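The first chain written gets the first letter, and so on, giving A, B, C and D; residue counts start at 1 in each chain.
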Amino acid sequence: MQPLDQTVLATAPPVPRRSALAEGALSRWRAPLSILALLSLPFLLPSQALAVNVLIYGLYAVGYNLLYGYTGLLSFGHAAFFGTGAYVTGIAIGTYGLQPLAAMGLAVAAAGVLALAIGAVSIRSRGIYFAMVTLALAQLVYYAALQASGWTGGENGLRGFTVARMGFGPVAFDILNPLTKYFVVLAFVGAALMMISRILASPFGAVIEAIRENETRARACGIDVERTKLLAFVLSGLFCGLAGALFAIHLSIVPLDSLAYHTSGMAVVMTLVGGAGTFFGPFVGALAVLVLEDALSLWTPHWQLALGTVFILFVLFLPRGLWGSALTRLAALRGGP
Amino acid sequence: MTGPVLQVENLGRRFGAFTALEGISATLGRERITAVIGPNGAGKSTFFNLLSGVLKPTSGSLRFGDQDLARLPQARFAHLGIARSFQITTVFPRLTAHENVRTALQARANRYDFWSRRDRLAGHSDRADALLESVGLASRRSRPAAALAHGEQRALEIAIALAADPKLLLLDEPTAGMGPEETKAMVALLHRLSDARAILLVEHKMKMILGLSQRILVLHHGRLIADGSPAEIQADREVRRVYLGQSSGYGHA
Amino acid sequence: MDWGSLDLELIAMQLFSGVALGAVFVMLALGLSIIFGMLGIVNFAHGNVFMVGAYAGVFVMERTGSFWAALLLGPLLVGALGLLVERFLIRPLAGRPPDDALLLTFGLGYVLVEGVRILFGSDGLPFATPEELSGVADLGVGFFPIYRIFVIGVVALVLVTLWVGLERTKLGLIVRAGARDPEILRVLGVDIEHLWLWVFGLGIALAALGGVLAAPMRSVNPEMGNVVLGEAFAVTVIGGMGSLLGSVVAGLLVGIVVSMTALLAPEMASIAMFAFMALVLLIRPQGLFGKPGFGV
Amino acid sequence: MGQGTLSRRTLVAGMAVAGALGGIGRARPAGAAETIRIGFPTPVTGPFGAEAKDQVRSAELAIKQFNDAGGLDGRIAELLVRDDKLNPGEAATRTLELIEKDRAHFIVGALSSAVQLSVNEITRSRKVLYVSISQSDTINEAKDFSRTTFHEALNPHMTTAAVAKHTFKKGVKVAYLVADYAYGHEMLRGFKRAAAAIGAETAGEILHPFGAADYSTFMPRLRSMRPDILCICNFGRDQANSIKQANDFGLKKVARIVVPVLLHNQRLAAGPDAFEGVVGASNYYWRLEDTVPSAKAFNDAFRAAYGGAVPTDYGAYGYAAVRSLLMALKAAGSTDTGKVVDALETLKYDVAKGPEHYRACDHQAVQSVLVIEAKRKSEMASEADLFKILEVEPGSEAALRSCDELGHRA
């Protein structure tokens, strides 16, 4: 009888240059710095609509990263939470006439409840098995939404809830104006980033990283691994749900594709390209993937070939991703050879 | 030794048709250091896994103080004061030595705290340093665990286990893979640690066990065939037959 | 719904449809399971390999005019491609977390789809049922396409061959031992890398064979693998990861569940499979025939 | 294949140029000679790439003819093609970019029902004129309609009525296999309404999941209904797959297979054997040139521009939509949205298939519907000789659902 999980040691990188923990001098300022960087985005990118997409997919990937990058769970079903966030927002506004803010709150809660249900079924399965189970359960949600066309609009997508003005108490913003919309969305994304940063810096953050680093050891330390994973899964679902809610507000439609396998895959691709387990990496990944897609699809209908190839190259040669590698380089420079 | 004792009664574990362990009864934790020995495949690891909650028994009972452990999730074992190390070094390889211990402390104290700043939690950092000091790793504080020497990693794993403030420390081959120097240091460490808590260990190095432990349990084919002081065990005919008498020692499968 | 026509004959026919559908699932799940069992990785490009298999079938058929050549050479061609993938993409990942190989195959899926679009266009291609296998046969309870009976037969043949190969040959013994514990093979001095290469190729060829078999039943297009991936996963999860018997039983079972749902509540046919999977997971997290280690 | 590659290259180059011009257009101050920019989201990538390519080529042709004829008092028009990837979210983003960044004056395009509705959702809240060229009943309804929404394509109500009129007879038993989503339900509704009027009977109906690959599980049940006509209400791949599998189960031998819409490129992809004898509707088939002069003119211009190729159904949509929009521009004498809407509402045009106009209440293009039958392989005179035209149902407002039924207030 051997200990159940020996792969952790066997497969971990040999000798790291620095700690894998998400803390350090920079970490206290990572959320404000990220927001500062994002402030410049609409002026750098070719269009504001693209910039808003980067914000939304960036938040989606950051929420996903909470699970994949920090807890070490590879889910392929996060579209379920993104899509649920989007659908509940749209239905609450369009069908039930809720205020956008209330609708978004409801949407985030719904995504959390769904995450609890999917997590409860899937969290017991281990390793890559988990990826398959989450994928299949997300497919179930997809088909359910397709079927419930009375609520979701089915294949035609959900429409009829355009939000022209977003009110925060006494102030309201005209979000048909693309730049205003960008900053309104950034306000939500920024708040979410502050919260995520805080969670990562908390003892709970330490616990999930402990599970990622060595599940056997974490369990022996008295961590209820299953419950902690489930909590991380739900937290991740909440933030992905918020991203979905913002997506609905942004585009004023909810396509069925928001629940599709491809959308789940996007979270994985963006997180990995940017740098799993780094705070700002997923934004870098979202930016890189969306801009690449934007630029390539103007030149060739076969942009997916480039996307797939780039992704394979990242897995093979740059597993830390763009941002992760940059941070490693930086740390090496600071710490000397 | 004033801590609660671990009461094992008729403990057994089957894997499908295969019986790994059967009918083990013993009261553990009164002696400073107790060793579990037996040839490979005797059921030592299964026994340890049952005592630490990694596996659940298929028969028999397991009590710690007045707490029934048989159906308790593994995580609760650490909270009750039973901590363990593994045969294969099991630390957080990419964290520094200090972080390793601090993480274990946090795991114990504030598991579901989403809001405090972990690096500012009162006492954790100092306590981690004290634990590192106690296993002789103070100078390795800021090194990633994976960069430590093998013996140091074993010591670190013990420091992590100590973070749970255990009343009973289960160590699975603490000197596995160590050279004579490292082994000597580890033996000294175990002596020191047993001042404050009971230690139960699985070991292969017979000479070391005879000198170190007050009590020895011998497992063979999933059964407890002997239980007594080192002198009693050395004299036991059954033990000599299955174990000590063999020139190849414990190397056979 | 017209319940009047719900007679025994119809149910028998429906069962038969389910078995024919399940036969394709079996091919997909077997390939996934064999690769997982030996290499410990999940092939996320598996659905797309199925699609490439169908195209390889079209390719061979166009050049030779023979369906039999397509059935034989198509999977071999794709299997050879699988060998290259293992050697040059998967093997460099040895020693890395198993997630990495999964992610790599996910990226490979995009490349395969787009590659096929470039080579064969994005519209899809016709693949006619071979002359000698077209038409319907009277099964006594009703008419059933001869080609689907043929598919069930081919899958049964592949299963028997695999079974004999695994149970009666030395290689089979090694593969079975390796699936249980790869370390044993190292101790025994087996060249495990070599073994991985061929096992990966075999898993890929099986998926491709599924693709060739499915081609005359469905239209051949670059997206045909996308839906299939989720289905293959559901079947493998139900059967139990790494269990070959589980793949076979679950494949047929899922085929029948889908087919019966199609009869009773057709619009639920897509959901049925995944709901069934969720149910199995709740009751038996490791799947029907899975080893507990993967699940609990 | 060679020709396909060539035209794809042209298409890609065209898109690149369009993109570059879009960038310039933003920097240039609005002046008298400002280019008229028409945004054109279409699924260049994905399963309907071939249809999209035809849409783009025909739209480009309409633009070229407009510019060659002097444009709008010297102002030339350009087409800003964007890949919507057949994804409504992507389409919404591209449309926002076209409006906000590229300052497109008008939007034309879309191929799938969902994409069209999402584009419309963006344009109507920003009061931008949009001419849709994707088939759907939904966009006619008051809920999705707006003053700036126009629909050049046919809708399921029109196609099913025409097909039913030609194939259904009194007392005939019809079985329906229906894709379970809005478009499928619209087709079923259309057929059943026509069947009721004609006196055809329903033998049964089966809903199948949208995007299903295997239809075998529905076939025994369909067979047991013993229909005279099997009516398959789905689209694209679903249609090709289900027709193929209906053949496998021998259904074609016992029943006639009828579909709402037969697509040129889908027929090419599935091959002649599967589709042989299947009857369906179309907005356009190039052999219309034998009887309709404007079709001849369109085909000739298309052949001249694209190396002898003939335009397809979706190509004709792209052409008619852009042509009609440009004609209204000329009539309005301005790019002002309100004025162009007024002009489109009163426009009568005949650019490819005989007279057409947009109905006042829902801006649906009133146009003829072709009922066609797929030829068997031995009957085909050339690669492009795919269909027989059985009937040309002339356009009439009576063939549309009434304004009342759609929820438009009089």
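Just so we're on the same page, a residue touches a chain if its C-beta (ideal position, glycine included) is under 8 Å from a C-beta of that chain, and two chains touch if they have at least 3 such contacts.
Note that this is a predicted model, so its numbers are computed, not measured.
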Touching both chain A and chain B (chains):
none
By mean C-alpha position, what chain is farthest away from chain D?
B
For which chain is the distance between its Cα centroid and the global protein Cα centroid smallest?
A
Based only on mean CA positions, could you tell me how far chain B sits from chain D in angstrom?
73
Just the number, please: Cα centre separation of chain C and chain D in whole Å.
37
Where the centres are mean C-alpha positions, what is the separation of chain A from chain C, in Å?
31
Mind checking the centre-to-centre distance between chain B and chain C? Centres are C-alpha means, answer in whole Å.
46
In chain A, what residues contact two or more other chains?
4, 143, 146-147, 301-302, 304
For chain C, jot down the residues that touch at least 2 other chains.
117, 122, 267, 270
Where chain B touches two or more other chains at once, the residues are none
Go through the chains and record each pair that touches.
A-B, A-C, A-D, C-D
Chain C residues touching chain D - in the complex, by the definition given at the top:
2, 5, 9-10, 13-14, 17-18, 20-21, 24, 117, 121-129, 134-136, 142-145, 147-148, 214, 216-219, 221-224, 227-228, 258-259, 262-263, 266-267, 269-270
What does chain A use to touch chain B in their complex?
1-4, 6, 8-9, 12-16, 18-21, 23, 198-199, 201-207, 209-210, 213-214, 216-225, 228, 231
Residues on chain A engaged by chain C in the complex (per definition of touch)
4, 7, 10-11, 74, 76, 121-122, 124-129, 131-133, 135-137, 139-140, 143-144, 146-147, 261, 265, 268-269, 272, 301-302, 304-305, 307-309, 311-312, 314-316, 319
Where on chain D is chain A touching in the complex?
8, 12, 15-16, 19, 23, 44-45, 49, 83, 85, 87-89, 92-93, 96-97, 100-101, 113-114, 117-118, 121-122, 125-126, 136, 138, 143-144, 180-183, 209-210
Contacting residues of chain C [partner chain A, same complex]:
36, 40-42, 44, 89, 92-93, 95-100, 102-104, 106-111, 113-115, 117-118, 122, 226, 229-230, 233-234, 236-237, 241, 267-268, 270-271, 274-275, 277-278, 281-282, 285-286, 293-296
